[in-house]
Amino acid sequence: MNKRRIILKTMAVTALATASLVMAGISGAHAANAKLKIGFVGVTSGPAASWGISNARSMQTRAAWINETGGVKIGDKTYDVEIVTFDDQKDPKRAIAGMEKMAQEGIHYVVGPNVDDGAAAVRPVAEQNDIIYFPYAFPKSLYQAPASNAVLGMIANYQSGPAIYKYLKETKGVKKVAFVAANESDPLSQREGGVAAAKALGLDVVSDNITYQVDTTDFSPVLTPVMRSQPDLLVLSGVAPANAPQLIRAARELGYAGLISTETAQDAAVLKEGAGDMANGFISVGGASTPKIATDEMREFVKRYTEMFGEYNDESNTKVYALEYILETLKANPASITDVAKFKQTMDTFSAKNIFVKGDAKLKYVGMTSFGQKRQVSVPMVVTEYRNGNFETLFVAEVD
Amino acid sequence: MSALLEVKGLTKRFGGLTAVNDVSFDVHEKEILSVIGPNGAGKSTLFKLISSFLPSSSGEVLFKGQRISNLAPHIVARKGVVRTFQETTIFKSMSVRDNVIISHHLRSQASLAGYFLGTKTALADEEEFGRSADEIVEFLNLGEIRNELASNLPQGHLRALGIAIGLATNPSVLLMDEPFAGMNHDETMRTVELVRGVRDRGVTVLLVEHDMPAVMKISDRIVVINFGEKIAEGIPSEIQENEKVIEAYLGSEDDEIGM
Amino acid sequence: MEQIIANGLYLGAQYALIALGLTLIFALMNVLNFAHGQMYVIGGFVTYTVYAQLELPFVVALFASAITLAVVGALIEKFLFRPVIKKSVREESTMLLAAGIAFFLDAVILLVFGEKQRGVPKIVNGLFNYDNYTLVMPYDKILVGFLAILSITTFILYMQYSKTGRAMRALAQDKIAAQLMGVNVERYSMIGFALGAMLAGVVGGLLVSITGVNLGMGGPTSIKAFMMVMIGGAGVISGAIAGGFILGMMESVGLTVLAAYGDITYLAIFISLMIFLAFRPQGLMGKPWG
Amino acid sequence: MMLKRNQIIGVGFFLFVIFVAVPWLIHVSGRWDFYYTLTSVALLSIASGGVWLTFYIGRINIGQGAFALTGGYVAAILVVKYDVSFWLTIPIAGLFCAAVAVIIGLPILRLRGVYFAMITLVLTEVARLTALALPITNGAKGISSIPLPGELSILGLTLIPDFSTVANVKLAFYYLAAVLMVLCFAGLYRLVNSRIGHLCRSLQQNEELASSIGVNTAYLRVIAFAISSFLGGVSGAIFMAISRSIYPASFPVKDSVDFMLNCFLGGLGYVFGPMLGTFMIYFGWDVLFTTGKYQLLIYSAILILLILTLPNGVLSLRIFNKRGTAK
């Protein structure tokens, strides 16, 4: 019967396709050497694209820069850095596939994923394949033993939150805090951390259950009940750069005169376009590009980034570090290029100069307080205030 | 003769409008009873009420003394009262034979799980359905096109297929919705023969129609409705002479009692 | 209370305009346009480019958005939907095409306009403030709401009184009858699709002045538009408008009333929508089975 | 079920490919990453198979993500909080989803066309928001660090070894997924080619007529939807085991849409359509990863071209189907 043939042929074609793809893989697997591949698995399309894109571009900019100046010398060998990127579409299932791809490429050091669920989902793969990865996700279980392959690539909100609230409490007399978060895993978890931190500081949390959908086009209804609780600090927990200006604008238009802050990195141009003068005074956590602390290297980085991609994204200020840490740690112990265990050993004692920040800041691994092991990069916690299109440094702190 | 199907005081209101008002009549075993009436008289609504495709506002339909109105259509069908459709309502992407085979559903002995597992009963069912379908297809002169896709059939054959689908369910009563609509004289006469054949198989036929010549030729008895109400009931010759009926048909503009 | 209603009305006006285009395309071609949200986003970016980058007047930017999308819509209908509708066995197959187009437009938006959130300078400054913040509404929102309602009215008048509009309504009601009456189905399908896309572009352009635009807004916007269309009844213009205002009001009221219970406003909206449709499968004003 | 000779050859060949040839090729080529990709394809095609069945009764289902998520959560909660064996949670997750489908399906399956499509789409969001709001699902934080599947033994006889002791977990999951996929599609094939399949088709073509010949359409619809959701739940449960975590956003709306697209792409008229469709859509994206920032552009362009040339699914292609009679 006809149907049988169909089945037969379907199978033949399926098999053929599989085989040819596998074969194609073989030829691709033996790539040239003297290249040091570093991976990136994160979201570079869809609603959250700007997180991953700013991330990947920072890496690509830095890699191009290093390669242009002769590559990176690790041990007695010099490598060109190649960044292999994988778009996980913010889907944890894809993130696993991405991590598998990285393993296939022989990569042991990966930056990403950008969100909690992705970071949790790739853990088994990373551990099976000896991959150290640098997620931008905050769940503590990722970094606490028995987990040991994840290194937090930035400052967690439960670390920056207390510092910011304390500063605002002491210098601006903040007493009543309200929290708003998107109805998604990451922001909600961050809100919970923020609320706990605020309460620990003795602040009065007047509103902590208002959420919004990320696709909201008018935030006035969302913020109307928040405003009624009359806070003097409004915290936008884990706010996406796309939502921040709209929230600020809606709050100001509803007559809110107090402070607004967040613990995530933002982009000045986005704030300027989206909220204009209303964004003045908005407090966020930046990286190293504020004029006060940026070094020539940082300025060079921004310049190269802008040349390569047309426009700089301030979110990259915090994302420039992961690649730097990987390379510097490898330099400190060349054996760790293939041996992840050596890398982990090195992490405990590692220290190098931070070229992006003025002064004698060091690159080193921290996290003992939060995770009980050194599974976090130490980056300067630069708390900034938006003012007329630029970020100004409020204060700089460190995490231990 | 005993009443197989009893229609008692059937009424249907749509908002303020009463489409069918207190209609009662009986259908006797193995007769062909036609319900006629001018356009807009409420025939179509009455038909849907009897076949339970519409819930009634009041009144009821009894089949062998049991109430069947306002039940789900498939339950009414299961009891033995099955309708055909006016339009080209068939399973378009199946062959003629498959259309008839699938319509043997009510004769299934096996359960769904049985069909999945292919039990003995299920296999016996399949065989029986195939045999019966072939018989029905032949009976309705569809034998030559049994493997044709239903959507490719000309209209005349579609009507026959509709009847075949109805017959496959092995009904006690077959309700036929305007079986002669849109047919020329020859086609109508052929279909009249088919419907007679159906009755001769022991199936009671209730049909709703407005093709008068065909109705007069085929019916054992006729029920006439106008403005939702029954105005006459009787054998064809009585109806032909009924004053009210003539008046009703003359009063309506687009239908004449042509015979 | 006044504030809640004002918020709801403003949201409703913009939602209704989004839903209009979607329902028009559905009514004419039975196509559920998954790419509607992406068209809205393109509209926003075009207005951004013309108004903020090239610094031309806002009205010019709006027109640019409208025209761009009308052209895009017409091309999509002619070269993609038309052949697929002709060849496919089941008309749902157009959903795959619509989704493919949505992906494609997403990719184009990312490559052309970048990943960042974009916004434009306020079109009007100032704030309407009644009785010391019992009712506040920035003037630009009032203007945008007004323009949205104006667009809706124009659209309705156009559909009601122009020859093209009448032809499209005939087509939406009964394709075969319209064909018999001499309506050129292909031509009006294309015009209808272009018009639907254009409406999406206009809303995108209008809203970029309030909420800005980013590449991620496409998908969620489509889904919201689907919901409004369902509430009102698929393929019915008055239904889309009603659906838009109802959803806007529900969000506004829900976010205030349910605020005390945490994160459940949208859950409540979705569930009540499901219950509503279970009882009224064709929406408020739809034909049964759309 | 009667199998014709070349049918047996076909099935045998297919089984040989997925159980012997693929592992061998991966071993030879060293493309270990394909295990996960193919495992995903197998699991996603199970879920798509369910969606396909709802298409078969004439309903556009964009809600499978909701059931995959539910299945994942049921399995995760049972494993983590109640210490149930993972193997037992697979059928429980499936049955739970089927039960949910019956409760939800009774009212919503009355809807047709776009209305049903949209309400199922909303269902996916409802599932995500519910997972965020409920205490038992651990809200926003999800459930992570879930142990690997343990041993499955009956009367002391080890049927499946403890996955944490298996040398190659990827291969183990691949086999698990492949076996389930084969079972799922064998079941679907049997279903579709039995009288039930014909009944489903009668529903798809004309529900009124179907009920007039005595088919309990509501019952059949609910059954089909329940089977569909069962498959979604099973696939979600196993994904949970692979990623060893589950979050509210583990199966987003995009997945629901993808499940539907898989069916369209493969061909709605062909029972193996969803398998091929999933393979092409998922694998296609993975293979295109080398194209960097043009990945989505190329991917969607190919998708559009495919629809333009084969609007009735890839399986409607001549080589698959000489007489062109869509089933």
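Letters A, B, C and D name the chains as they come in the text, with residue numbers starting at 1 for each one.
By our rule, contacts are C-beta pairs under 8 Å (C-beta built on N, C-alpha and C of every residue); 3 or more make two chains touch, one makes a residue touch a chain.
Please read all numbers here as calculations on a predicted model, not as lab measurements.
Enquirer: Touching both chain A and chain C: give me those chains, sorted by label.
Expert: D
Enquirer: Roughly how many whole angstrom separate the Cα centroids of chain C and chain D?
Expert: 32
Enquirer: If you average the CA atoms of chain A and of chain B, how many Å lie between those two points?
Expert: That gives a centre separation of 70 Å.
Enquirer: Taking each chain's centre as the mean position of its Cα atoms, how many Å separate chain B from chain D?
Expert: Going by mean C-alpha positions, chain B sits 43 Å from chain D.
Enquirer: For chain A, which residues are shared contacts with two or more other chains?
Expert: 44-45, 183, 188
Enquirer: Please output the residue numbers of chain C that touch at least 2 other chains, ranges allowed.
Expert: Residues 106-107, 110, 219, 262-263, 266 of chain C each touch two or more of the other chains.
Enquirer: For chain D, which residues are shared contacts with two or more other chains?
Expert: As it turns out, chain D has residues touching two or more other chains at 129, 132, 254, 293, 296, 326.
Enquirer: Taking touching chains as linked, do they make an open path (line), a single closed cycle (ring), a hub with spokes (star), an all-linked set (complete), or other?
Expert: Looks like something else, not a line, ring, star or complete graph.
Enquirer: Which two-chain combinations touch?
Expert: So the chains that touch one another pair up as A-C, A-D, B-D, C-D.
Enquirer: Within their complex, state which residues of chain C touch chain D.
Expert: 26, 32, 34, 80, 83-84, 87-90, 92-93, 95-97, 99-101, 103-104, 106-108, 110-111, 219, 223, 226-227, 229-230, 234, 262-264, 266-267, 270-271, 273-275, 277-278, 281-283, 289-290
Enquirer: Mind pulling up the chain D residues that touch chain C in the complex?
Expert: 55, 60, 104, 107-108, 110-115, 117-119, 121-123, 125-126, 129-130, 132-133, 253-254, 257, 260-261, 264-265, 268-269, 293-294, 296-297, 299-301, 303-304, 307-308, 311-312, 326
Enquirer: Spell out the part of chain B that touches chain D in their complex, as residue ranges.
Expert: On the chain B side, the touching residues are 51, 53, 72-74, 77-78, 82-85, 89-94, 98, 101-103, 105-106, 108, 112, 115-116, 118, 122, 125-126, 165-166, 168-169.
Enquirer: Please give the residue numbers of chain D that touch chain A in the complex, ascending.
Expert: Where chain D meets chain A, its residues are 4, 6-7, 9-11, 13-14, 17, 21-22, 25-26, 28-38, 40, 129, 132, 139-142, 144-145, 148, 169-170, 239, 242-245, 247-250, 252, 254-255, 270, 272, 275-276, 279, 283, 285-287, 289-290, 292-293, 295-296, 315, 319-323, 325, 327.
Enquirer: Which stretch or stretches of chain D touch chain B in the complex?
Expert: 1, 190-191, 194-196, 198-199, 201-202, 205-206, 208-209, 211-218, 223, 326
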